[in-house]
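See below for the structure under consideration.
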Amino acid sequence: MSTEVEDVESFRQRAGAWIRENLPEQDSSINMSMIRKGMSDEAELAAVQRERAVQRMLFDAGFAGICFPKEYGGQGLTPAHQKVFNEEITGHEFPARLQAPSISPCAAVLLDFGTEEQKQRHIPAILKGEEIWMQFLSEPSSGSDVAAALTTAVRDGDDWVLNGSKVWTTGAWWSDWGLCLARTNWDVPKHRGLTVFMLPIKQDGVDVRRIEMLNGSMDFCQEYLSDVRVPDSDRIGEIDGGWTVGTRWMFHERILFSSPLVTVPSGTTHSGVGAGSLVEVAHSLGRLDDPDTLDLIGEGRVLELVKFAIQGRVGAGIASGKMNDQSAAIGRLFTGLTGARLFTLAFDIAGSTGAAWAESDGPAQHCGDDYLMRQSGCIGGGTLEMARNVISERVLGMPRERSLDRDVPFRDVPRGGTTRA
Amino acid sequence: MSTEVEDVESFRQRAGAWIRENLPEQDSSINMSMIRKGMSDEAELAAVQRERAVQRMLFDAGFAGICFPKEYGGQGLTPAHQKVFNEEITGHEFPARLQAPSISPCAAVLLDFGTEEQKQRHIPAILKGEEIWMQFLSEPSSGSDVAAALTTAVRDGDDWVLNGSKVWTTGAWWSDWGLCLARTNWDVPKHRGLTVFMLPIKQDGVDVRRIEMLNGSMDFCQEYLSDVRVPDSDRIGEIDGGWTVGTRWMFHERILFSSPLVTVPSGTTHSGVGAGSLVEVAHSLGRLDDPDTLDLIGEGRVLELVKFAIQGRVGAGIASGKMNDQSAAIGRLFTGLTGARLFTLAFDIAGSTGAAWAESDGPAQHCGDDYLMRQSGCIGGGTLEMARNVISERVLGMPRERSLDRDVPFRDVPRGGTTRA
Amino acid sequence: MNVELTSEEEALRSTTARFLDDRMPIAAVRDLRDDPAGFSMTYWSQGAELGWMSLLVPEDLGGGTVSDNAVADLALIAHEFGTHAAPGPLVPCNVVVSALAGAGDAHAEALEALMSGASTAAWCYSEPPPNDALGHIDLEIRVDGDDVVITGTKRPVENGAAADLLLVTGRTGAGLSQVLLAASTPGVTVKPLSSADLSRRYATVHFDDVRVPVTAAVGGVGEAAAEVERQLQLAIVVSNAEAVGALQQAFDMTASWVNDRYSFGRPLSTYQEIKHRLADLFTWLQASHAINDVAITAVGSGSPDAAELTSAAKAYISEYGGELVQDCVQLHGGIGVTFEHDLHLFVRRVTVNRACYGTFAEHRRRVGQITEMRKDRA
Amino acid sequence: MNVELTSEEEALRSTTARFLDDRMPIAAVRDLRDDPAGFSMTYWSQGAELGWMSLLVPEDLGGGTVSDNAVADLALIAHEFGTHAAPGPLVPCNVVVSALAGAGDAHAEALEALMSGASTAAWCYSEPPPNDALGHIDLEIRVDGDDVVITGTKRPVENGAAADLLLVTGRTGAGLSQVLLAASTPGVTVKPLSSADLSRRYATVHFDDVRVPVTAAVGGVGEAAAEVERQLQLAIVVSNAEAVGALQQAFDMTASWVNDRYSFGRPLSTYQEIKHRLADLFTWLQASHAINDVAITAVGSGSPDAAELTSAAKAYISEYGGELVQDCVQLHGGIGVTFEHDLHLFVRRVTVNRACYGTFAEHRRRVGQITEMRKDRA
């Protein structure tokens, strides 16, 4: 293993040249987390195939897993190299679906906790686009309370037998592997009885059903696990040590768009529409001269600029150690609120076009459905209510909220009756 | 006692004629709860004297205590009579300072709980303007938690000896009597160890200090009670039964402006500025044609109209029994928020005149100080936080907030360190 | 909806409520998702038998109602439409019925067809952006001999594609005119729009020099401004009543959800933050009821305050109602943005009503103008 | 204020902080309540020795600063003014110093007096309502031979009554001009105003055909628009920094209060509703720091984004900062609106800054215009 690391600028030149030669130009404002009614299933499958191929091209050219160790198929380079690669790929096609959650948090968790054999077997396959991974994390019953997982793994010889249901996986229907948090011990408090496993999705016993969102998007899935056998060699981390894995797992998820592990165009965020798209809506409806519209665009742009600024401040604060890691919740809260507000501004600019629209309305045709979905960015990836808890308790040090599930065997915790069927 | 009650219309004629003959015209939009820097102390004392005289005129003319029984100096008439009297007096001078809290809640509490001798001695005196009463209710340490009073009454022979401090009394420095909630038992939970007393304010042992509000208003006082002796005959209600009295006391306070016991011009509310005054501010600054200003005035007027509507709805709901009494908190919440918002709208209309002003600026000269004080209507008379607790718990029936002072002897309740000196 | 109803009002409301419970449960509403009209004529004529179409019509024309305020009675029906997310062109048909009932004998046949539920109508009022400012009417209705000629575009037109009859509001010189014509009249083109609602349908309606006899006019040609204003008020307060019904339903679903749903071993309803949110939402809900009831009374009685109160109700309910339902979504979490959960049906109803008949900013400004003028007069 | 300061920046900040702790504790600020100037010249010249007046002046003119962004360094001082509710004309004097430092030798004497703290200045910029729209300049500066003649009214003028020197911004034909003159110049009338701040003073300044030599001009006559814009940006970001300091102080007082104050046997800080409010307030506070730091960087470096970022910072901090301090008052309860509690000193600072140099609605719209123009260019 060489200790010589390629100079960042020369890497930039090489990467930029390769990208311009191999990857077509593409609108880099593509939003990775905006939930809209998508393409047909056939087109979606074709897009996944294409992204696998592009990921393979990156791998073959030496640009996949820039910060992953060379022994697992990565490039062994630094976050600075990933950063310039992200800058160079901006405006070009890139394999969005294969970055998250396959490379991070899934491959990242393998890197942190996997056995040597597990790493050898899966990380190169992920970096080559051969394995697409999903997070089997959230459950219908537990919402923000991820550690309250009810999916159960019971030991049976060298295997574990899993039963339960996971939800809010994006594209599980075209994915290969699941990283799964399951309960292995009901007689200890909730955080102490969890274990992480990996399992192939395409097998009997894993029933993947697609969830239709109110706007017709079919991106999300729910999985029903029925007597799924997982060899103990596919356990990740310690038995009943799943929360140690899970904490790191969720850390990787939280920092996704600033993670040095993934390849995404610079400036990609969870942010939904931007103020620029408000102008596009206004323009398409001929409203640019309207003072009300100007107010709404101004409000949106102010919030967007503040969002960028607060992300920068919190990032710098965490990097320098002046703020603790939990301070990321500040950015999460602000981003969630701003996203919802921007969809609302677009809807209000659209006027009655938000109620009823034609395809010929251009950008304005999305305003109604986007507004109906506006809270999704305040829910997914941890609700804003959780963010406020974190800020008050973990950042400001205010007293912890009373919870009735601490220091109680999980089987005795009150659970209520609301689960998705 | 005659059972013949004067016909309401004939009463209106008689009252209207007397009012027009005896009480000068006066702007009836005078706001009873707006806190502004007031007149000089000399002028204030003269105004109190004048109001005592006007109250006496009302008494002598047979218009004081319209709904109080005749045996206590009242007129023995109905709420309908009080209502038409309020309508007739609208636009005329009236003794505002003597209505609340002297007549209600103080005389009202005497009527509900006083002994025959107490009623005979004080209610006619109040109705004649001879006794002005104050509520010794709030304490520096307890804020919204009125039942956590620390002012202590200790039995000594036929007397009680009171020590402690009360706060937020309006004009105690020119008042005569205090209705005082005190703790008589520290060994029972907080609601069960309180007793109500009455005591003369102008005596040794009662030190009345005036509180300066941030805008220079000196309306409020704080009282320090040092070994104040109160004969047991001046106790109101049962020993340790003060919360029974207090509950009714606060009910009278809550319904003040719709109480049939007090004489106030029709339409008097706790509302601070109205949308009309926004127009006056805009007009005085020459901003009536400005679209921003139009938006702000529109917002204020919408909120004002909704406030009237929701007060009407809640009033009707409580009157018909479709809503419980606690539903009054809905009106309180909406009114508080609307008041604060209206002061903010006025401030924003004023522009830089809100920062710095001359007396020649007319109505706009108040916008800055009013805005600085805008939360006072969301605090006084029960905070909005308390109103939200009441709505969620008592109206919607959601689970009660955990309190650490229930079923615990009051002396063992944690109290923290913040009290006003 | 008023806190207390008379027994007649309660009977009117509950009859429609039971009919919708039975005929239009949520599953049935969902089935209409891809239905071009969004409702069936059988359903509609059954509803008409319950009085949906006759409340605003005087008794001598075959209508009638249960209280002295027909608009309030219609609002009770609309409230139930809201609580059921019920389909059908309640607002446009009643606007047209109300216009025809006030316009004498000329349109008796159309009125009868609408009242019986045999026909439905659409009100062609709003115009496409950027000419969609509140009250802006550009479409031309030109008198040409014994005919009028209609030129222009209306959008969005509720029930535009399914309607047999169109009431068109347009400009004749400095005044406004209204014309009733068959949707099949040559020169009329209807293009369906996609909608944020599940069962209500909207369209763009083009009038390409459409020629009809001047007898098609409803009210005086060039003299219909007062009627148009009244129709607008009617459409708004009835739409508001429907929105308030949907708000009530969304609130009730949410209050129940937070009691049943546990997080960290506790029901959501034990969290003070959730409790205070519900307190705010309940207050907004009560405020929405209250201001619209006041507006309904004013519109129903033709009070001079009707314009101000209607705009105040529209501004308040559009702004706060929108936040109310979105907070209901938030409190539901992920399930609140799925198609399988029913919440979105009510969110949709509130959302569409928020965007039609003027934005809340426009109505707020209209209230501001009226407030300034009142002070000027005083 | 940036999360991390260099050691030089920290030294600059802490020197002023210590000076203000010592020289201007809250009790001393309160004592200035009825002081006509709101500060003493001794205090001011001591502050000048700490560099308050020289940061924006190039080294060759006797100034200098600790980083490559003098505006950021001045903002550190302003931040401490905010956390101490400190008196003194920091913003107007620095605006004038900055203008003079860029205008060559003509005003060297005045510059020196200001830098030493021997004199103070006021910037006569804003005009009285209704002509107070952002950027509106009506006051006339007319060239008459070798003189200029100034006619018009400015208001509010910070430090207007105490200032020795006035920098007047006015209109000369289609362009803007600036003139420096002694406050004692004949024809200048100053009328003090009441203010929402405790120690800062404002005035109305009338110019009644005030005649001064054309050499009094600062920059080119009729050609000062770019300088005026830059001064405005400077005044805004430095005022914002002061407001952010006051917000920080109000937040810290409140966070401490809710820990100490008990209600129903529990500290307020154990109530989830209070916790979530603090989380929101802290987020607004961090956002206010963040956006103003970005704006300061842009203004300090003369970036083309400076106008947009300055207006964004002003809009955000004025709107959310106002709500932040009022929420702090609410959480304090009754004591929060008394004169004896210190909270209002910080509320006042935020409140006055919110109302000066344009409303947040105006700045929001300015950001909207810039956003539209950028899209047009793209």
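Letters A, B, C and D mark the chains as written, and numbering starts fresh at 1 in each.
We adopt the following convention: contacts are C-beta pairs under 8 Å (C-beta built on N, C-alpha and C of every residue); 3 or more make two chains touch, one makes a residue touch a chain.
This structure is a prediction, so every number in the text was calculated from the model and none was measured.
Participant: I need the common contact partners of chain A and chain C, sorted by label.
Facilitator: Under the touch definition, chain A and chain C have D as mutual neighbours.
Participant: Of the other chains, whose C-alpha centre is the longest way from the centre of chain D?
Facilitator: Chain C.
Participant: Measuring centre to centre with CA averages, how many angstrom lie between chain B and chain D?
Facilitator: Centre separation, chain B to chain D: 41 Å.
Participant: Express in whole angstrom the distance between the two chain centres, defined as the mean CA positions of chain A and chain D.
Facilitator: 43
Participant: From the mean C-alpha coordinate of chain A to that of chain B, what's the distance rounded to whole Å?
Facilitator: Inter-chain centre distance comes to 55 Å.
Participant: Could you list the positions in chain C whose residues touch two or more of the other chains?
Facilitator: 267, 271-273, 275-276, 361
Participant: Which chain A residues reach two or more other chains?
Facilitator: 291, 385, 388, 401-402
Participant: Sort the chain contact graph into one of these: line, ring, star, complete or other.
Facilitator: other
Participant: Write out the stretch or stretches of chain D touching chain B in their complex.
Facilitator: Contact set of chain D toward chain B: 126, 129-130, 132, 155-156, 191, 193-197, 202-204, 257, 260-267, 271, 273-274, 322, 326, 329-330, 333-340, 344, 347-348, 351-352, 354-356, 359, 361-362.
Participant: Tell me, which parts of chain A touch chain D in their complex?
Facilitator: Touch list, chain A to chain D: 275-276, 278-280, 282-283, 288, 291, 293-303, 305-306, 308-310, 312-314, 316-317, 320, 322-323, 330, 333-334, 385, 387-389, 391-393, 395-396, 398-399, 401.
Participant: Okay, in this complex, where on chain B does chain D touch?
Facilitator: Listed in rising order, the residues of chain B that touch chain D are 35, 138, 140, 142-145, 148, 167-168, 211-214, 216, 285-287, 290, 292, 340, 344, 347-348, 350-359, 365, 368-369, 371-376, 378-380, 383-385, 388, 401-405, 408, 413-418, 420.
Participant: Can you tell me which positions in chain D touch chain A when the two form their complex?
Facilitator: 2-4, 255, 258-259, 267, 269-270, 272, 275-276, 278-280, 282-283, 286-287, 289-291, 293-294, 308-309, 311-312, 315-316, 361, 363-372, 375
Participant: Could you pull out which chain C residues touch chain D in their complex?
Facilitator: Against chain D, chain C makes touches at 271-273, 275-276.
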